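One structure below.
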């Protein structure tokens, strides 16, 4: 079977699995929304302050929501032995892994990133600025999925929850947050914001090339 | 003594006693804890090795993985 | 020919087996026995390359085992079955993975799951779950079957069917390696390997 | 080129050598630390700007410098371990991580305790401070990762991967944080530098910096030898060694 | 006397068994057989009160089963063993739970785990894990033993030992209910109940 | 065995389990700290703004950290069958459950609540105000553990992660957040803040009496 066909089959399985557990899919979004709601309640209803905080809260909420979904990236397949079969199938590990990374991104991150639109009504956020936020989030979520796949693979046999995951990912993610908030800051002052965005993008691409290899290695380490 | 007029002065550090002594104290505690912990790990490892050997010696006499009543 | 040369495995500072060598000709079945904890599972997993050996190498017709994955069918303690998918979906995915085409329904019929193909595997009984894992043996065109306690939870009739299946695979020139604590009928066993419990 | 290193790559040899280094360097470093600290605490003249609070410097600065130094050496060791498949290097990464974490923690809280009287707050979100905090998390990550594996062989390898990734990221973090925060702080530390430190104040600092390095090397060697023992515990020489120490104690 | 009256169980609109009644005198062993998916596990779980019956009731010496929990020992497919704790700790906790006092080490010796008592159960082999679950039978002073496929992964010698254990329990006036796909020796079986696979 | 002895044995087991997985214990705290750090980095280092946001961020971070630990409350024991054995042991279900709830609170929530002290240096928060925050968090964490135990028991057989958990708990928690922020507000203006605190306390006590019963029922439901 050609690699591309194999890749397609892997994606199909992930989507099917997602379909059988439909509610699973909505969960990160739900979590995201709840975090968004918690803040206005806890901070109090000051329009200006909230609008000022919106992008930061949005970013943090997205990070947390992805963090919560991450441990499940390989856990189930590891536990029931499907991962063994995949590695026995003879296809390159990075192919297997990148299929999973992509399906994860499509299933969890993209909806999250899109639902970040909710900050516009909730925090009376400017829709132009949201557009910038969307772009930063897109790059950021790719970066995060990649880092997350490595962490998730490293921890797959140890039943650690999101705690260690957070410990591994968040420090590495700090530059992304900083560049994103720089872009946001610039945009809110109507300055050009492309350069931080480009850096973010470069980081994401870099992660995308390295992560599958590292993830495959980490999984192999855990299997035997 | 040294840069201070009296020992009491030295303890008071010109009003910075809390900060100076707390930082020196905490550092000392941390470093000592690190040393003790390393020592303990060493002991643990040696203990495990001995244990392993004892078990092996014991099993030479009664190799038994079978159930019994 | 499947040949294993001087395999050694150490787990937790315990030598499970060392200097273990054997050869298996086509159409032969190797019945691996031994008490609990002897290292059967470990041996099987290292045979198919899922576990690092401390020493030694395994070859299938002269090729290192790591390079002949399509020729191996490994069914271990873990069933490689997703509990949330139905039996049919599980089988279909496995077929896709190994690039085979077959009629899932009739296959699952053969293992006695008619009427239960479309409910999540989660709701099946222990033996039925195991059957979903074992159905791979009906379709697989792998030459080497490595089966770790395939009879677990399978009822008596099922065990008989599996035994005939082994015979059929042997007749087709395949290799079979089985562990089980239930005795296999003498006529299908060609080689026996007994691991002992070492400490 | 590495030929002369070869004999030391044998675990037994490495064990003996590292233990020897530990025995030599530990007393020296402790003496150095005591001398430096007492000199700094008692004899160095008070700073004209900061009063006596500057005496925190004698631990803050060595700890801060070496918290970064240790991470670099850890990353390099991890890189070598991964690239050349050197088992012993992996162990040294594991030996260094907790030491680095403790040094980082020391730098953080001494800094905070210094900041309160000097800047009026315990903490500011300044570039240097933030990246030091993140460094602590990197250390903790390496450590936690190692311990979340049941099989320590794999744990060590995984920890190496993370150490290397972290090392790549440290400069990125550093510069991004600096960029993020150029609007604010920045001068706080260098302004103290301007009146180039008096010799009497500098000497104890240099002594302490040097002794902390020796301390780090000594402790690393000790912890490394423990890891070697753990890793090789099924070998005969380890058994002999352990039994020998037992007998020594009995005698 | 253990009496089950007109038990009925329906899962997923499927009648697994209905109007099932049986009586078990003290010192008797009930061997429950049936093909995969017949409902053996379901029956056992409802006997001990872990699963709601659709109809019917179970009594132990005239007392509804729900009220005599200290008299029941149930060992099911799930081992009730925490993988992260050692065998000794697991056993100790179970002893505490059932308020018994015993020497863990010698008990675990008896199931052949000497030397492996202090490592997490996670590292044991399939059969050894199962032994950690089964060790309860050595100490339990429950009258009624309900065992769901106790022989899974247990080696041949172990199966023999378990059989003698059943006999001993019977001799002490206990009740034993066992399912297994491995046949029990005739002399220890007093009653047989065969469930059939219904659809 | 007397109930109190049984209770003690249960607690002992939980503590022992926690000890075998020592690092597990620190993880919610780590998660908490990481969330705390994310905010200044995302929002920017403005001391005043951060101090103003501190209690809200602290509360939200505590909620999230507990939310992450919650799914594990009964999961392991359910999966390996220990829960069955407990319910077969004949002791009242609410006793079993309350032992677990208390050990969870001691092991996860108390360290979290105490580590909320970190807002003081990180957000240059007033230490007097932190004292109020500590009290609100103590009550809040009890409430949350109780609500969480019910949710966790309901979801134990369905392998849902923190998402549904959040959905079940957060709406019920909103009153607590409101009272807590009211107390905080009052304290920051040097007004008396006992009445919202008392209400919080009452809520916690109420939850504490109801939750074990509901949890035990939910667990029974999932076993059968």
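As written, the chain order gives the labels A, B, C, D, E and F, with residue 1 at the start of each chain.
Throughout what follows, a residue touches a chain if its C-beta (ideal position, glycine included) is under 8 Å from a C-beta of that chain, and two chains touch if they have at least 3 such contacts.
What you are looking at is a predicted structure, and each value in this text was computed from that prediction instead of being measured.
Asker: Could you work out which chain's C-alpha centre is the most distant one from the centre of chain A?
Answerer: E
Asker: Could you compare the number of C-beta pairs in contact for D-F with that for E-F and name the larger?
Answerer: Taking the two pairs in turn, the one with more contacts turns out to be E-F.
Asker: Roughly how many whole angstrom separate the Cα centroids of chain A and chain D?
Answerer: 33
Asker: At what distance in angstrom does the C-alpha mean of chain E lie from that of chain D?
Answerer: Roughly 56 Å, centre to centre.
Asker: Where the centres are mean C-alpha positions, what is the separation of chain B from chain D, in Å?
Answerer: 17
Asker: Could you give the separation in Å between the centres of chain A and chain E, each centre being the mean of its C-alpha atoms?
Answerer: 46
Asker: Among the residues of chain C, which ones contact at least 2 other chains?
Answerer: 13, 35-38, 77, 199
Asker: For chain A, jot down the residues that touch at least 2 other chains.
Answerer: 160, 164, 167, 170, 174, 178, 181
Asker: Which parts of chain D, given as residue numbers and ranges, touch two or more other chains?
Answerer: 137, 140, 144, 148, 150, 180, 233-234
Asker: Going by the contact rule set out above, which residues of chain D touch chain E in the complex?
Answerer: So the residues of chain D touching chain E come out as 150.
Asker: Write out the stretch or stretches of chain A touching chain D in their complex.
Answerer: 150, 154-155, 157-158, 160, 164, 167-168, 170-172, 174-175, 178-179, 181-182, 203, 214, 217-218, 221-222
Asker: Taking the complex as given, what residues does chain B use to touch chain D?
Answerer: That would be residues 1-4, 10, 13-16, 19-20, 22-24, 26-27, 30-31, 33-35, 37-38, 41-42, 45-46, 48-50, 52-53 of chain B.
Asker: Which residues of chain F touch chain E in the complex?
Answerer: Residues of chain F touching chain E: 1, 6, 9, 12-13, 16-17, 20-21, 76-77, 79-82, 84-90, 223-224.
Asker: Along chain D, where are the residues that touch chain B in the complex?
Answerer: 37, 41-46, 51-53, 55-56, 59-60, 63, 98-99, 102, 105-106, 109-110, 113-114, 116-117, 219, 222-223, 226, 229-230, 233-234, 238-239, 242-243, 245-246
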